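Next come two complexes, and both contain chain A; in the first it sits with chain B, in the second with chain C.
On to the complex of A and B.
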């Protein structure tokens, strides 16, 4: 098999995550052929490959060209990380133009960052910021060895060791982790944890350590199952149940926090329509 | 001789240029441009960042409390430090005192990430330059080396695994850990968990020692094969405490390579010394200090200033290495050794914190009360000194955010050095793979992180 990796507008966190797999990953590379990867190999051109792991979204003309070339020359493309899958944090805002020298050859910036599948068909999606190392490696291995990859249809909440304490919440905060003790649910402590509506598979890495789930793996299957669901609507329902408060009251209290629910997914075509309708501007 | 940019401005440069694209085995996408005289002699070279991140423009209006987790996404390898810098700037602005246990826990995580980042760089990016520098491209990579020397690579990977497992146990994911929050940490690990981490690190000690031996052996061999290039000139810069390099230091030490000048400044004074100098040919904005004299930040700068006495093993190895190679370290060939030395430094400091019993208690976070304010914070990322400055409005939203990264500080010296190497190694417009690799090796020795640089 010819294996490749490519990074578009990416921070390198997904490649870091993959590289920490260590020996099993390197053994897989050694048993196959690396057709290109600017992280690992000194090859300068995009060559035909059986599988390409792509991290990052598309922010400039060069990245669009790379993505298109990958699409033309690859059998299977795996989108790794929330930037490639949804647009991620760099896709959360429009970027003002940057002045560059005429004839500098610097790639022109696009008005906004787009997810990978706007330019190339994607075989597998591995969202997360970053995705856990085992999930990336498993996705790669499944394509190389030709078996079906694990699909996580749980939520972060269902993997979380904390337990819901039903009762009213006095005040909601955007603080990402005030140090809630013991095994109490962070939502019960008034923190905006998106665990109930976020795709699982990360072993609730953040809430298990007292930090809110910021929704980096995107909406869960339950949220995506119907147009009647959304991260916001489902959160209102869960919080109402947790706090024993009427849903309309919860919706009012959470309105100001709404735009931070979609920090990783605002460029995703699936959620974009809903965001346009529901995100409060400014 | 001026930089290519100056030459173009004065009209002195009328020759051709050759582009080496992409620069491989670095973080981010970049190229090298080599400029030639009309007689096809090399005239200069420069390193260009080809991507743009735009985080500074994105965060204004955002609640500052969510700023650190967003700023963490500036960069994968240096993400933890950016998160910490953002937290420190908020805490400094709002006069928040972080609980002692949380401060110690943050420090522990910082050391673990420093070591992990260095070992990832060593295995995947740097090792091919030292192990198989003249080999064909199909072999000159970590998988190729693994095929011919499984044992050597496995040693490095075992050292990496010790830190990766420790990070997974206390911080979760290997990049962008969420546990560092404004006011402290989101939790404190139980004594039992810390004991397990301590055991993981103890198991890695032998592999870390062997890693340094391997790196030294490869460096000695390379010194006979590769022309080490001219010594670096200008200043080296690092955060420091009590006269020693310290990744969490509260001051910045700026020293001349020739030893003739040294000054120690606080973060506010350091901010005042910085001068952004945008260029139209790169998405990176170089930053000058001290009226534009080139400077070096990163592992070699920290090794040159020296480690505190609490890291006895690292101090001993550093003294031995400086005796062999001369002080200060000012040759690009020695940055591999500096990385290995810092892994030992990180291992010792992490072990000390785990044994010290300071990471215990129930108070992990002092939740800040938001107000209109602003402050600066300076820390060491694995790749060098970085600075965050933010201003907040009354509602606690970010009004303005500025970042200075290690590559911005290094850019001037990197271009100077690249030009020196190009003048020596490039024979004409046809640049061979070996020469291209030589130029890229010069770039890699500055540990460029384009993602941080083009925030």
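On to the complex of A and C.
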């Protein structure tokens, strides 16, 4: 099989994460070949391929053209990283459209950053900023070897080693990691961790090291399950239940969280059912 | 007749970079470097909560998020008046050091080495190393099947190590290819070491305004040290030796001096050795006009005051011209006359400065490195340091850090139980300025934050590649990469391998959004590949 990687409006983090896979990736390439990949080899013209890992969203006319070209020449496309899946941080940085003068040679900026599947049908989604190496590799392997990847509905909390302390929280802070916290749940300590509503599979690497979950893997399946759910509403409910505080009071405190709840998914705040069906999970 | 060669985009770097060079009589006579790093990150940060800065700026670049996160933390520490506890300082040093090693190994083996080695030599391999046998069988099979993607497009050049009639022998090429595979695993170890304190990599979480989030324990410090000891051995025995081997290939002797950027070097310094950050393992300093034996040592504040950014040839409005980053502006103006890059042109006292490993090592003047450049005959007039010394400086840094990190781990172990966080980091002043200046693998990185009304009023980043790959400034001075290309030997305009070697030796890193110009030129050669 011919495997390729491409980067649209991306920072290179997903490629770096893929590179950390190391030997299993090399072993996969023993029987398969790289057809193009600007980061690993010198061929970067789009060529017919069986699987393409695409990172980054679509920000300008050129990236749109590359994405469509990939769609035309490839059998299966995997959207890697929150930028490709949801729009990611560049999606949060949308600027008013800028007119490009004719003759400057610059590709026109699109009105806003669009996720990958607005231009090409996507076979699998691997959200995360960046996704853990094992998940990218699992997605690639499942397509190359033709099996359905293992997935289950989990949240970051289900992987987290911290203990929930039921009881009211005295003071909320927006700080991402206030030094002393022992082994208790960061929410119980008053830190606004998005673990309860964020898709798991990352082994809770951030809260396990004492920093809040910023929600980089996007909403969990439970949040995506119906229009009645949202990351915000579910957070309010969860915190209200564990802290035994009235929901309207929690809702007021949590309003500050809206500023970064959709940092990675702002381009796509409405639920997207198809992502639910096709995401690779831990 | 002079001929313009355009390499667009240059591969095996991070992001989109276009290089145009004008070649006359087998040498480059002029050069333009056009970069695009426009994703509007600085603009996105305006009016946001100051604590968002560190999470967002890490996403500027997926290869060196750690340095951005660290610089951002230092900027916020500065703005909030944090006094960093010793343990936090050490953990930041350890993680930054591990990141240096992984980045340098990645750059040499996975990005740059293919410019010097012919991997096809492996097809005739006769030894017993398992990865090489796998590769050999793969190459042979692909050749037998006439695979369309097998023969990787690359510039023809008579001086790849291991090619028929080239320098070195096929065995040496095989050895270097096997190190390419080993380097993947070694890099992974450095990444693992980082995650011990920072949870994951890239886009880690463990450093926050005020300190770090993971307490040192016997188990995590020991796990870190074990990985470092393994790395130290490999860096000394393999990486450093490979660099010495390549630097001594007779065909490459010209590359020792070719690619000199003009003799101005700048290092912000990194790895604080005391709480105040006065004493650093990689010192702060600068070199002007190629006077490498006379390093100037102004303080960081003084350096920061002298920085201005010119936008004469960049796609930004004239209001952004000549500002210090503390007051800097980022307002795009596409279609601007004379502009050819999205990078601004930072200058120190009006001078373009090269930043990165070579700048740091020349400023540091560590005896081991200086004796190497002396041995290579580089300490005689004219004092020029080109393509290979940049690779050597990078490898020497890895050697220095691999030796130093276990010592710092011991120091951290001795301080188990101490503070990792200063509570002042959780208080946001109404109005404050902060700057975080730190040297990352690619060079001097500065973040400037202006907090107004408890939110971000202005956030400016001046990144290493902006220094190195900058376009011409208001006075018409070329950026360091542009200067380094002038005079470079290009015997065959269809295969400008030396141009690619020279640009890659800077380890440019350009996260990308919008593409760059295509000048309407007669005799333009477009290289879509390589």
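In this text, the second predicted complex is superposed on the first by the 256 of 282 C-alpha atoms of A that agree within 3 Å, B and C clash if a C-alpha of one lies under 4 Å from a C-alpha of the other, contacts with A are read in each partner's own complex, and residues count from 1 in each chain.
Definition applied: a contact is a pair of C-beta atoms (placed from the backbone, for glycine too) under 8 Å apart; a residue touches a chain by one contact, two chains touch by 3 or more.
Worth saying up front: this structure is predicted, and the values here are computed from it rather than measured.
When both complexes are superposed on chain A, chain B and chain C occupy overlapping space and clash. Of the two partner chains, both chain B and chain C are touched by A:26.
Using the contact criterion defined above for the overlaid structures, shared-chain residue A:250 touches neither chain B nor chain C, since it reaches no partner. By the touch criterion defined above, A:157 lies against neither chain B nor chain C after alignment on the C-alpha atoms of chain A.
Shared-chain residue A:116: touches no atom of chain B or chain C. Contact with chain C, but none with chain B, is seen for A:35 once the two complexes are overlaid on the shared chain. In the overlay built on the shared chain, the residue A:126 is in contact with neither chain B nor chain C.
Contacts of A:89 after superposition: both chain B and chain C are touched.
In the superposition on chain A, chain A positions 7, 9-17, 19-20, 22-23, 26, 29-30, 33-34, 38-44, 59-60, 62, 88-90, 92-93, 95, 98-101, 104-107, 109, 129-130, 132, 173-179, 202, 205-206, 208-212, 214, 260, 263 are in contact with chain B in one complex as well as with chain C in the other. Chain A contributes residues 2, 7, 9-17, 19-20, 22-23, 26, 29-30, 33-36, 38-45, 47, 59-60, 62, 88-90, 92-95, 98-101, 103-107, 109, 129-130, 132, 173-180, 202, 205-206, 208-212, 214, 216, 259-260, 263 to its touches with chain C in the complex. By the touch criterion stated above, chain A contacts chain B in their complex at residues 7, 9-17, 19-20, 22-23, 26-27, 29-30, 33-34, 38-44, 59-60, 62-63, 88-90, 92-93, 95-96, 98-101, 104-107, 109, 129-130, 132-133, 173-179, 181, 202, 205-206, 208-212, 214, 260, 263, 282. Across the complex, chain A is touched by residues 9, 11-12, 14-15, 39-41, 43-44, 48-49, 51-52, 54-56, 59-63, 65, 106, 110, 114, 131, 134, 138, 142, 147-150, 152-154, 181, 184-185, 187-188, 191, 195, 197-203, 205-206, 208-214, 332, 334-335, 419-423, 425-426, 509, 511-519, 528-530 of chain C. Taken in their complex, chain B has these residues touching chain A: 19, 21-29, 48, 50-55, 57-58, 61, 63, 65-66, 68-70, 73-77, 79, 116-117, 120, 123-125, 128, 137-138, 140-144, 146-147, 153-154, 157, 160-161, 164, 171-176, 178-179, 181-188, 279-283, 362-365, 367, 433, 437, 440, 449, 451.
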